[in-house]
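Okay, so chain A shows up in both of these, paired with chain B first and chain C after.
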Partner chain A sequence: MGQILHMTFSMTTPILFAGIGGLFTGISGYLNIGLEGLMLLSAFFSAHIANVTGNILLGTFAGTLVSILFSLIMVLLIDRFGANLYIVGLATNLMADGLTVFTMQVLFNSKGTIMFSEIPKMRLIDPFPRGSILEIFNGYTIFDYLAILITLIVYFLLSKTRFGYNLRAIGKNREAMIMLGINVNKYIYVSFMMSGLFCGLAGASLSIPLRSFVENMTGGRGWIALVTVVVSNGNPLVLLLFSILFGFFTALSNFIQTMWKSSPLIFSIPYILTILILVAHSVGSRGSMKPNSKGDG
Partner chain B sequence: MVGRALPLFAGLMIVGIVVLSYSVALLIPGQVGGNPIFESTVKGAKEMAQKLGIDLKVVEAGYNMSRWGSILMGLSATGKYDLIITLTEGMPENVEKSARMFPRIKYAIIDGVSRSKLPNVFSIGFRDEEMSFLAGYFAGLVTTSSMENSNSDLKVGLIAGDIYPTMMRKIKPGFENGAKAVNEEIKVLFSVVGSWHDPKKGEELAEMMFKEGVDVVFMVAGGSNAGIIRKAEDMKKYLIGVDANIIHLSPNTILACVLKRCDLAVKYIMEKAYEGKLKFGTFEIWGVKEGAIDFTFDDPNYLRNVPNDIRVKMKGIYEELKKGLISPLGSSK
Partner chain C sequence: MRRGKEFLRTLGIICLSLIFAIVVISIVSEDPISSLKAFFLGPFTNLYFFGNMLTLSIPLMFTGLGFSAGFVSGYFNLGLEGQVYFSSLVATILGLQLGENNPYLFILILPVLSFVVGGSVSMISGMLKIKHGISEVISSFLIGIILIHLANSLIEGPLLDENSPISATPYLPKDLSFPNFEAFGNLHLGILFAFCSILIMDVVLRRSVLGYEMKLVGKNELFSRYGGVKVERILMISAFLSGGFAGMAGTVDILGIHHRMVRGFSYGYGWNGIAVALISRNRPLFIIPASIFFAFLEVGSQMASIFGDMTPELSKMIQAVVFYLVTAEGIFRFFKGRRR
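Right after this comes the complex of A and B.
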């Protein structure tokens, strides 16, 4: 049981980070389907820079920076040049796959797997005292704790600050906010940068603890994160819940197949669950997080 | 006059060389860089091309299976190649389709069998069950040994990238039979990553196995192997690699690799086809006996890390397989 719990949280982290990233653009009315690509870019560059410098923090910083840069390019294309939101998102995913493989080929003469030797091993942290009931939450990497902490901070930011209210209002009625004299564009740019920032952390949390990069290693986590964004309805706590649920089912399917029997049906449990959640959500609420007219193209 | 005739003459000569020389295309169903088995195949093909003066072109088709057929068709339609060689089980169908359309071009498949008997197709399949039997036998020896990181639980693991017919019908049963040949009590844990590119999930599955008492894992998971290797390093467990020698990735963790010598197959095909002696319309199955399934007997890390008695037993079982004394899939011949 302890194993499943442990695996649940460590599978949750990258999805949670990316989900938080998607949430920011989501509530401002732009559904960012480029999460997967932004994550992949950061996964590569954070691991590469961490390997070059031998410093995890610098690596994470660099990877996140690349991810923010590309999210800025995305919003520029959408806002300034009137590109379609979804086409830009798809293009980001395709480009990230191509760019990482190309860079791998140039730098390492490899297109498959790179195992970095100079990235320091991540330490597992025990923030809770021994003997207390919270002890079961000991022994994760800093990324795992950071993900939960950031979710709480974002919850506060979106529901208790003026910035959060404005961002929500822009998502609901953009024209009204323009009339009110709010600099809507500024908010949109910031929300995309936040998307880049958290997808950057998602990518780093995937590649740095493994000290390796594999072509397309995000493996659909960006899309799962997108599902959590849609069903969360703008609430980071709901998003947290769904991320953990997804992590749990992944862990459960891993557990079942190791202990009992492997079948394609068992390792598709998390994905079947995703479809069920989406169906239930669309039946229940008729999708309140629709992109606004500007992004819809 | 001479000034004008020279380029013309040179041009004719180039045309002559292009037309006369034997031209081979090697279609890689994936990407060469970073894939050890494709790297060794390309290396073998290049060596042979140099030796015989064959004109060789290597084409990467990428990992998207749905595109292989059209790429092969396009390559055939150029009409530039006398022989097109390609690899893996995903290919026979595509090759048969092209071979029917372009009867004058010859095709060869390595590590995938075409039973179509088309007069312009030749294929070589491998005895994957012998390969996994070797790995299973080695895993069994390691887990029952007194090596530093072996434990007393009689458990070994197999982590696969995906479920596919060869895995379930040949690799997995071969591995289980190999392990049980050492000790009937050995339990084989089997899990599937569900992706060839998900090291994170590979890591989690490996951790779960190691915590269950597995001390040696045979990894057949492509890029997901990276996560398995990291976890084994952290938890001080042993690994066995597949297809090519990857011991250098983690010399004290990966004890040995079972090898699939696609380079030998590609050399054989090129040489025989060049001489016009390749029996198109047939297929061959290669295994230990043909030297196509091999083991890292000579690797310095293997010699250093693996105790002598295990190495001797491995040599023994290899010889027995060679003589055909063992049937890896259990049923007697």
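Right after this comes the complex of A and C.
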């Protein structure tokens, strides 16, 4: 049981980070399907740089930078050149998939899995005193605690600051905000860069603790994160709850698979759940986060 | 006039993507000349390679047609991968069970069956969109993943051929396969199926009420509703056609090349199909050259990794460049503005 709990929180972290990233573009009216790709790019480059420098912080920084760079390409093409939001998102996913494997082949002459032995082992932290009930939350990596902390900060940012209010208002009615003299473009660019930033952290939190990179390592987590964005209605705390739920089901399916070597069908459990939750959400409230008109068709 | 401009823009995008390929190969390769030669000329060096390029374009014609059939009415089908894979598994199962007695009949039945299977799967996402307002962009992709897992668990479980060194089902009955043109590698009769589907879709889109309404819904949903078009019905038909054509892609491949279901044989057909549909700008007839172009990229990248020092993933990156640019209407205007 304790093992599943531990796996749940480790599985939650990348989904949560990517979900926070998707939330920023989501509330400003853009459904960012490139989360998966941004995450994958950072997973590779952060692990690679951490391996070269032997420094986790530098690696995370580098991976996040790559991820932000690609999110800037996305928003530039969408905003400046009128490209379709979804197609540019697909482009990012495809580029990430191709570029990571291609670079693996060029640098390491191998495909599949790369072990990065020069990445320092991550220390597990015990922030809570022994003997207290919070003790069960001890023993995770810095990424896991950072994810929770950032969720709280983003909650504050989105619901208590002018920036958050404006971003929401842009998602609701872009034209009105332009007429109010708000620099809408600036907000959109920032929201995409935030997407890049947090997907970057998501990718780093995936590969660095494992000290390895596997081809297509994100394996659909970006899409699950996208679902948490849609059902969270723009609230980071709700997003946190759904991330934990999906983290739990991912952990459970992995656990069942390793324990009993059952059929690969077990891996589809989290995805079946996503569909059910999407339906339940839409029955509960009538579609509150429709993609911006720019994204349609 | 507008058509001419669009055509030039498409040519521009193709050129830019090829320039990207040249740049990447020149930077990375230790022997750029032979890698470049393998990439660009490889597919044309002999009839066998050329035939294989044409063979690879067949499933892309179907997936391209599939994405296009949804896209004209604004239905964004990202579940192509799953629809291709799952439909071909269903067709394989039926072929294995019943194909022995009437193989020639089943050559016709299996593609139709996979059309219905793929279409039905896609209609689930259509229904979720209409009834629950769930974006098909997400639901179709997720359902696609579920189907791929489901198909893989069947291939590795009850349907696995124990004697085969790879994960695959047993072979279909001998006569249950397309005749192929031996001089051209694996090229098979499926190409005629593809041409017919494209012609039918071309006529539907340009000459029929259904096609007109599909395009109308895609351009302006509100206006078409106001004009009395049953938008929901049109969307469902689009979703069905979209998944249906995708469903045929894999089955035609199995009947023509593999003669059994091999794990992962169709991975990538869906994404390639989207690229084909976008670059042909929803005109069915242009799907033929567009499919051949993307088949060329795939085969060229393979050639460059066999006879040079590239990897097949090169084609994914080139494809991504096409995706980045293909809907960016402003990109060439920007260059023009700069020059002035």
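Here is the rule we use: the second predicted complex is superposed on the first by the 280 of 297 C-alpha atoms of A that agree within 3 Å, B and C clash if a C-alpha of one lies under 4 Å from a C-alpha of the other, contacts with A are read in each partner's own complex, and residues count from 1 in each chain.
Rule of thumb we're sticking to: contacts are C-beta pairs under 8 Å (C-beta built on N, C-alpha and C of every residue); 3 or more make two chains touch, one makes a residue touch a chain.
Here the structure is a predicted model, which is why all the values come from computation and not from measurement.
Look at A:231: by the touch rule set out above, it reaches neither chain B nor chain C.
Using the contact criterion defined above for the overlaid structures, shared-chain residue A:73 touches chain C, although it does not reach chain B.
Contacts of A:257 after superposition: chain B is touched, whereas chain C is not reached.
More residues of chain A are in touch with C than with the other of chain B and chain C.
When the two complexes are overlaid on their common chain A, residue A:239 makes contact with neither chain B nor chain C. By the touch criterion stated above, A:105 is placed in contact with chain B and with chain C alike. Legend: residue contacts after superposition of the two complexes on their common chain; A:267 is shown touching both chain B and chain C. Shared-chain residue A:81: touches chain C; no touch with chain B.
101, 105, 111, 263-264, 267-268 are the residues of chain A that lie in the contact sets of both chain B and chain C, per the superposition on chain A. Listing the residues of chain A that touch chain C in their complex gives 31, 33, 73, 77, 80-84, 86-88, 90-92, 94-95, 97-99, 101-102, 105-106, 111, 220, 223, 226-227, 230, 263-265, 267-268, 271-272, 274-275, 278-279, 282-283, 286-287, 290-291, 296-297. The touching residues of chain C, when paired with chain A in their complex, are 28, 71, 74, 76, 78, 128, 132-135, 137-139, 141-143, 145-146, 149-150, 152-153, 156-157, 218, 271, 274, 278, 311, 313-317, 319-321, 323-331, 334. Of all the residues in chain A, the ones that touch chain B in their complex are 3, 7, 10-11, 14, 101, 104-105, 108-115, 121, 206, 210-212, 214-217, 219, 250-251, 254-255, 257-259, 262-264, 267-268. Taken together, the chain B residues at the contact with chain A in this complex read 31-35, 160, 163, 189-192, 194-195, 197-201, 203-205, 207-209, 211-212, 222-227, 229-230, 234, 249-250.
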